[in-house]
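Multiple structures are listed underneath, in structure tokens.
After this come two complexes, each holding chain A, first together with chain B and then together with chain C.
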Partner chain A sequence: MTPRISRRAFLGVTGLITGAAAIPGLTPARVLAQSEKPGGLLRVSVTFGLSTINPIMHISGAEWMATKWMYNNLTRLNAKREPVPDLAESWSAGDGARVWTFKLRQGVRFHHGRELAAEDVVATFTTLLDPKTASPYRGEVGPVDRVEALDKSTVRFTMKSPFSVFPAIAAVPNARVVAREGLADMKALASREFGTGPFKLKEFVPGDRVVVDRFADYFRKGEPYLDGVTLRVFPDPATELTAFKSKEIDLISGLTPDLFSQVATLAGAEGLAVAGGTFAAVTLPSDKPPFNDNRVREALKLCVDRKLMLAAIHNGQGELGVDHPVSSAYDAYVPLAPRSADLEKARQLMKDAGLANGVTVKLFAANSPPIRERIAVVLKEMARPVGFNIDVEVLAYDRYLAQVWNKGAMYVVYYATRPTADAILMKLYHPKEGLDEGRWAAAHPNAIRLLEQAREILDPDRRRRHYADFLKTSRDEGPFMLPFFANELNGKWAYVRNYRLSPSSSDMVLDDVWLTGDAPKKKT
Partner chain B sequence: MARYALRRLASIALILLLVSAIVFAAIHVLPGNAATLILGEYATPEALRTLEREMGLDRPLLVQYASWVASVVTGDWGVSLAMKQPVATVVGYRLRNSAFLALAALTVVVVVGVPLGTLAALRRGRPLDLAIVTATYVGISIPEFVTGLVLLLVLAGPSVGWFPTSGYVELASGVTAWARHLVLPAMTLTIVLLAHVVRQTRSGLADVLTAPYIRTARLKGASARRIVLRHALRNALLPTITVLALDLGYLMGGIVVVEEVFAYPGMGRLIIYAVQNRDVPLLQMCALVVASVYVLANFAADLAYAWLDPRIRYS
Partner chain C sequence: MSSLSPTLGVGGAILALVLAMSLAAPWIAPYPTTEQHMLERLKPPGARFLLGTDQYGRDLLSRTLFGARPALGLGLGAVALGLALGVPIGLTAGYVGGRLDDLVMRVVDAMLAFPSLLLALLIITALGASTGHALLAIGVANGPGIARIVRSATLALREAEFVLAARARGERHLYVMFGEIFPNVLAPVIVEATLRIGFAILAGASLSFLGLGVQPPAADWGLMIREARQYVFLSPWPLLAPGTALAFTIVAFNLFGDGLRDRLGAT
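Our next item is the complex of A and B:
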């Protein structure tokens, strides 16, 4: 075990009451006294979002979970967020990370019987990248220019520019490999599946539930152990918790900190926590006053007592942030000196910037998820003594999307853990590959160039050192106030074994999860 | 009578057209469209334009509305923008679930509410009357999510666990399992709706009991039981039918909170979903279906009036 893993495991243990066996990297699950037992039905709950099961188009965590069970990607991410084989058994880079060649596993079967071929991978990526498809995450797949099948089991991706993290990106939910006959009808794909995954679709009721059955011909022989999985939407968290207590639900995904502490105190239940990359941050639009002056940005960042904010908003379940989006869950993580509140220094900076009498700014926060509103309200109070008069406006998510988001205002962004640091950094800062949500790129071309150069570096250690420069700049001059990363929180009964909570909780692998004999027999 | 019915049906068609136009206008007052919500915070201007074109959202509003009316008239309900499934399939499933729940709740409301109201009217001013009226008032005053959650925690919690907390199972997987899932939401709705029927029955019956024809019946020596059941109730229940017709409309589309608490896949949650996702074809059909239930239930109530009371003649 390397020191990096221990630290990560330690973060996972913070706040963890029981269930150490479920922490990635801490206990090899196969050393458990009992051995895997086939059979049983696992019932999982979520609180929202289940409109479609089309992997190319889906955007919610619940949908990503469901397609993870029915499909495979070329790669998947291990507990250290490194790409490991899934449908691809190996890959190699050429021409300075401009060309990526993937060798596919032999003898993989789709649920409808046909064998997987390189053409299916080509068809999937071609559809995903086609502008006419309008896939929401098209940008995240990187600068792919061409996809070709070299033979039955070899696929070659040619990039427009170097893209060193492509094998990790191949694990994103939208790059699940779909059989080419399924791609012919994108409408039908919203409610049918053409995958190779451990489970096949039995029933899908949009907005309510997904039910899947064990796929006997799965390429990981002997797996999955479960006979099936049910995913149900509970709009009301109180009902969800009661259903869990009554053992109508075996595993709750996406717990709030309040529910987490309740689950963790139940006898026989386990609260699982793992450091993730999920965060809410405040944009500081840097192309116009007052935040075009870095002294004002710095003053606002200095107002925030991050530890107190984390305790008040997320029950202390998280990792403190230093105003950049790369948490310890990412391969590119570099520890920087923590930030603490310094109101004296903040006041001085405001004075230097000519704002000794204070400044009034408007901050928008969507009402979903609730963390956005909470950050806005706590920031308002913390920044008041320094002279920031923050006028918080909370608005419905649909209005926020249409009227505020990405329009250059000051608002609260919220992002779940992405597959790579590149994905979240490009999304937040880059004016072309992403959206430059802080309107900061134009005045900081050198920093943006650092992000582009990182894509050329294949060696993870060298890449990490390279990112360190960008992260420092982002902390000291960047256009975001990012107070903390929220831990991923799940709850489960002890009879659910081998379940490992991923830093991206919708990355729910159930291939080798099994149920012990004391799991409830009656299934409703 | 037949001419009256035809006239009413024509006006119902007009009402439905108006409802659809108002709902269509209202959803377009809200900012954003289905494309902005499908793409979320990953939207690029290019992807937005592509999706809008594909869904026909870039056409003038009047054209969108006219083409929607044209296809609905020919029986094509269209495809949901967010779910990509036929609207008829989605709405049909939810409508059936809502109908089961509504019928269960209304049956209990009638079976419990009419006798309670009768009892209260006969014991007017006495402690039993007071108890019945107070209890039903408490039922209607407590917000339905509180009633629902209390029932859920008590009857579906780990210690009692008589009923499942939530959800819905198909009738095909067993009548018992199906009925068990209906009990808690139906019970919650009964508690909420009971006061309407009890109050209406009580005051209607109290009025009728002072009418001259009841005195006549009493003088000719009819038993108290015969007077209430045969003479008084039949007249007293007429307004109650109207109350039940309105309740039916509410149960078919307005019980969002109860459906959310019990994770019940009915029409109420579907309507909220359609609004939040700016799913215009889905919302339009939901609104039409719920409006149809309202107007048809009222129409049926009016016809029932004529049947129950020979003095009422429609022409």
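Our next item is the complex of A and C:
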């Protein structure tokens, strides 16, 4: 007979083991190895999106990157995308994952001097979850009902329903822990910081740069090694590459594949690639014609030669998709049969849907990142033979956010890798916990129920089976044409050491990154 | 009769060539402008693709030939719209004079003080990005300049004998303005309009370059330059082909306009 382990015992033990790894004395003390050199300034570049550094409200990869340096979460994800301690040194689940208790590290200081307390975590999550705050990622932290400080260093989260992946979700960018005095003025928080992270804010120019300095009292003693970091925005990738070539930039985040191939050929430079869950997909608004008819949605999906599209748009750097957002980078990944282009079947579907003479649709694409426009342009050509006359409109990113995104139109949506499958699925499909960007939930309540049930299941295999059912439905009937997942591509000079590219490239940990003596001497 | 001036001749010849290519594009372009040869992206000029291909493997020669159409259409259309707005305003202000002239000219001055590209940007931001809106925006931005030229020329003719004669024989004001004065201000208007076409094409290309004019995947020189910019390190051809065509066309209009001015004796 197989010995039975209760869910409660299992979670308790795993939480203790994970937490124990963070206790000083149980792991080798972090010392600066002989080869690792402290000091120096690192200059990182991005191509878009740096308008706020308010962790509760920020939405773009560049902003997440900047706040990762200035703040900490309760947990962070390791290379295997498992939650490991950050501000929390241990955690445990109770009541079938309905209650999660986090024990905070001792002696963590905010940049303005005060010591971290459980009330700060409570204040952060209370603000984040308050509908009046209107945090764009409020739904991503799960069904949190109540947050309480049990004592100075213990926080308890009570969920409305069991939520098995909460420790991983605690690592999302919008759950960075902010000092409670900073939360009093949300407007000021857009340009000031109240964090505990390895670096503290020196200068922030919206749309242009963030400059941070080393925080001497960081709780990971001896880190960070760098004296400071500058994050700069280069809206034009060609200018960004020129700056990199002249060593004005040490590390390029979010490279286009064409520039990636350029970086890889430069002597002394390295191109870094990692498979992730980043994608650009076309929303097919399913609450109105023509896409309220699944035959039309399927016809469009069948127009796409995904292999060719991946080769043409991302130099083959990625993984083919089948119209759902869960790549092999996620624990919940389920391999489904690939979808090949089938124009004959697509034409028949259009005929059956009464659109034998074709249909004209408007497709919006923000101008950044460039992959959005490319997907739109290539899709237009691939779908034309079947009778889709796609009228593409490319618009500025800010205008897209204000006038198109999540307004029920047909547009190219772009998402970076999220911490869990639950996070991206709820975000895209759920009408309350997420945005239901394809306006699909109302007509597919059973599929949405599958998502709600999956997040309550503690057994990973059972959970995966639930996700498998959902992903099949999404592939066959879903409101997204998702052709491929793009690898994360970064470029750096060889003098930048110890940098590990995460599948979520905005999850840029610089705590133990250092520069060799070959790094150019610079002041800013 | 004086011989053809070199500026008029060279400008006219290039313009005739551009016009002929744009009209003949459907017959001489080797490929459809949006046909993608994805396995032959960013190819240099060769036997199969005479000017090479862009980032989607589209034939640059075909796109450059067809790209002349929106450029010329936008340039001519915007200036025609500018004339439709500017000529009546300038004629009326110059002919009527007095307070109306003062009022109209102050408004025109205020609009002239506003950079025309900025004015076009404002109009497009309000209406949305499209070819039609770009044409409207550039046309409206051209109106005040043309109005001022027409008004100056009208002022000089207002007291001319043939105008006074027409008024003395009881002609209606509208007839005097359009039947008597307008044919005599036509020379400077034609010269001004020709020069403005070059600028209008450039403004249209600038708007497309900013993503506010012609939308992808249409073949348009400004849009082609915008898209090619990201690949300039990998292949210069997607940038060179539309850039050269644009430069030649604008220079041709300017040469032609200058030559026309010399020829017509307008100032």
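Simple rule for what comes next: the second predicted complex is superposed on the first by the 423 of 524 C-alpha atoms of A that agree within 3 Å, B and C clash if a C-alpha of one lies under 4 Å from a C-alpha of the other, contacts with A are read in each partner's own complex, and residues count from 1 in each chain.
In this section, a contact is a pair of C-beta atoms (placed from the backbone, for glycine too) under 8 Å apart; a residue touches a chain by one contact, two chains touch by 3 or more.
All figures in this text were calculated on a predicted structure; none of them were measured in a lab.
Applying the stated contact rule after C-alpha superposition, one finds that A:236 touches each of chain B and chain C. Of the two partner chains placed by the overlay, only chain C lies in contact with A:367; chain B stays clear of it.
Considering which of chain B and chain C touches more of chain A, the answer is B. In the superposition on chain A, A:164 contacts neither chain B nor chain C. By the document's definition of touching, of the two partners only chain C reaches A:262; chain B does not.
When both complexes are overlaid on chain A, the residue A:393 reaches chain C alone and has no touch with chain B.
With both structures placed on the common chain, the touch criterion links A:413 to chain B but leaves chain C unconnected. Contacts of A:378 after superposition: chain C is touched, whereas chain B is not reached. Judged by the touch definition given at the top, the superposed model places A:73 against neither chain B nor chain C.
Applying the stated contact rule after C-alpha superposition, one finds that A:311 touches chain C and leaves chain B untouched.
The residues of chain A shared by its contacts with chain B and with chain C are 236, 238.
For chain A in complex with chain C, the residues that touch the partner chain are 236-238, 241, 256, 258-259, 261-262, 308, 311-312, 367, 370, 373-374, 376-378, 380-381, 391-396.
Residues 30-33, 36-44, 46-48, 50-51, 54, 79-80, 82-85, 90, 93, 145, 149, 152-153, 156-158, 161, 164-169, 177, 260-263, 265, 269-270, 273, 276-278 of chain B are the ones that touch chain A when the two sit in their complex. Within the complex, the chain C residues that touch chain A are 34-36, 38-39, 41, 55-57, 128-130, 211, 215-217, 229-234. Taken in their complex, chain A has these residues touching chain B: 51-52, 54, 57, 59, 131-132, 134-140, 186-187, 190-191, 205-209, 232-236, 238-239, 242-243, 245-248, 397-399, 401-403, 405-406, 413-415, 427, 435, 524.
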